[in-house]
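Shown next, in structure tokens, is the structure this report addresses.
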């Protein structure tokens, strides 16, 4: 896509892109390049010089059981967050779409969590499930269940998943609702005339027509779970217990800033970079295709 | 007021040539219509005069000065666009005043000029509105008003009526003509509609594939087309074309014979050409009779409403006055008499 | 959507079931927020003796006053101000540089334009988390730790907004720029008089999204603001938890959490239409 009309000039456009170029170069490309560069070195024990190790950092990482475990943790975490938040959002969107009046009120209320920072969401859920003062913990105790996410890795994972998914419901809800409302009413009515009941209609008509939205949200939610949930994990579990909630981004942070292992942290950044790159390509290829419909 | 002259104008986009050398001298105050089918290069030609497209080679002069390298604003022109190109966030007044504001015109003069243009175009009651609150015809007037207030030497119109419905188009056509007469500003007007061209033009330029096939007064072009293309493009229903030999024409080089529907007469004699009547369309004031010739080509005869209607399916002869016929060679050029 | 009627709409019992289903969803959404609000209005002893009450208490003013004025490490009012500067800086800064560069790449042909376009494309989805260590070093070398510029610049170094404005500019009819040229407008005049006013809704929608993005940042302020007076509220909450086994001051922490939510919630709910339009348009 190109404009037919353009203005003449050479210095003006260069001047116009200059701020973005400078900021992006200094705070984006240079650090990203540094990450790639540093991933090829390890610092000596005193941090005075760097030693070139080629792909050594990567080999070490891939052979490291903690890192591999972090990969699995990330996969489990992302899939759970995506499924839980998209499932709840779809359920709410389908219900809201059935309303003629009042769906606006529900929408206004349901978008609240979007405004809540992941880190704040983490604190809210931590408070409910706090081992000492948490209300939910207390009531679970009354029911005979001893909740302790500080010691139990499975419970910790469950808590960060729910807190992360909670914050994401609004976003998914808005997209699902927009998707549902763009399905022509006549198609659904035709199916109703054919005798299809709600569930049949949903399964055979609505859901297939919603698949572009669903696919888009899948990619976006996985990216969200990978990167933007740092706040949730840091506030609730700090990656514990025994690294059971250490997702890849958290490990970049803990190895780089807490552990001061720059080479390894940089190599991890590079691996993340590749993953994001792949997800971006998938998303854009897909969006590109959709534009041509 | 100014003359405009184009000299050997060419335009290429990359390796594609779209204008293959056009020459024309436009007199001061003249209304010139550039007409042709889509893709013939007529808009490109206009945009080169406006300065919105660069000229690949040749010269554009306005008022005797070469303007090839001048910005649009320095050419003393104003333009009315096909989709009006009104600034959506500005009021009608601001739309019209924008060019004057940029030029640093004094405020009371801007008000005076916009007010008088608005009066001329009956837009006084709409000056505070925004374009989306106006009808198509009103938007069209605002676009004209924007051109008028600047008091340019040349008006450029790029298919200004093509977004209006048929009735409004006829009305606005008249208004444009009257306005141009009253202001006396040299005008270049691009359209694909030959009726607009016929009714508006002092002289028209018929473009075909990047070439000006013919330049002349409308009736002159109609009566004496220079090429087969012009004969077919100007006039409705279009000129009939017969193979020269089947029409018993033996002038050397003549391949095609053109004859306008109103110049054909139906006879009972199957000579020089005969055909089968397909159907007749009685339009009230006139009747169009469509026939199929033996070589399967179609011919239309235009006759008065009172003349007898031939029955469908019957065969009829066609005859014409040889002075009305137009002969074209294999390239489509006139070969019986040179076009004036 | 008023005309979305017909046989598919549920009536009677079905309608009530639909409402019931949505209300259950709302309970799930609002229970954590409600609990935080309740906790911010009761006293510490009421919380540490579980179960805590489920209805608001009478300590509302006391807790919020304490949070805003003294906080735990730094007054929350101060942290909110930091967050506000950061969020505004990110939103306004990014909008300005993106508008300018999108204008350049859409309306000019200049050497390196294609390259520039692909470079900004590259930055589209790479969050700051991926390059934190080297970015931290850059900011530290510039002496921008504990400063607003350090908080802001790295987060506006991506081109999502440029991409968005480019998409929008492409839909602006060519004739408007031509008309402006005929009217005598130079490029910047066209930008200022025509393009900018036409982009108002897009700018506003983007502002909402970027404001929330900026306000809700966590990791980056956590890294570069070691001085409590530069803490933002979202990262400051975590700093309020005591290390070791001490009991957290829950009423103040929860009051702070509510305060951290209020500005973005106001922005999102208040500018709901713009925000939804911006969100759905920008991501699609």
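Just a few scattered comments:
Letters A, B and C name the chains as they come in the text, with residue numbers starting at 1 for each one.
Note that in this section contacts are C-beta pairs under 8 Å (C-beta built on N, C-alpha and C of every residue); 3 or more make two chains touch, one makes a residue touch a chain.
Since the model is a prediction, treat every value here as computed from it, not as a measurement.
In terms of Cα centroid distance from the overall Cα mean, chain C ranks first. Contact counts per chain pair peak at A-C. Note: centroid distance subunit A to subunit C, computed from Cα atoms, is 16 Å. Taking each chain's centre as the average of its CA atoms, subunit A and subunit B sit 60 Å apart. One finds 56 Å separating the Cα centroids of subunit B and subunit C. Subunit C has residues 178, 181 in contact with two or more other chains.
With touch defined as above, residues shared between interfaces to two or more other chains in subunit A number as follows: 5.
Residue numbers of subunit B whose C-beta contacts span two or more other chains: 52.
On subunit A, the positions that touch subunit C within their shared complex are 1, 3-7, 9-10, 12-14, 16-17, 19-21, 23-24, 26-35, 38, 88, 91-92, 95-96, 98-100, 102-103, 106-121, 123-125, 127-128, 132-135, 137-139, 166, 169, 171, 174-175, 178, 181, 185, 188-189, 192, 216, 220, 223, 227-228, 230-231, 234-235, 249, 252-253, 256-257, 262, 265-266, 269, 272-273, 276, 279-280, 283, 287.
Contact residues of subunit C toward subunit A in the complex are 1-2, 4-10, 15, 18-19, 21-22, 25-26, 28-33, 35-36, 39, 47-48, 50-52, 54, 96-98, 100-101, 103-111, 113, 116, 119-120, 123-127, 129-139, 153-154, 156-159, 162, 170, 174, 177-178, 181, 186-188, 190, 212, 215-219, 222-223, 234-235, 237-238, 247, 250, 253-254, 257, 260-261, 264-265, 267-269, 272, 275-276, 279-280, 283-284. Remark: subunit C residues 173, 175-176, 178-185, 189, 193-194, 197-198, 200 touch subunit B in the complex. Taken in their complex, subunit B has these residues touching subunit C: 50-52, 71-73, 77-79, 81-90, 98-99, 102-103, 146, 150.
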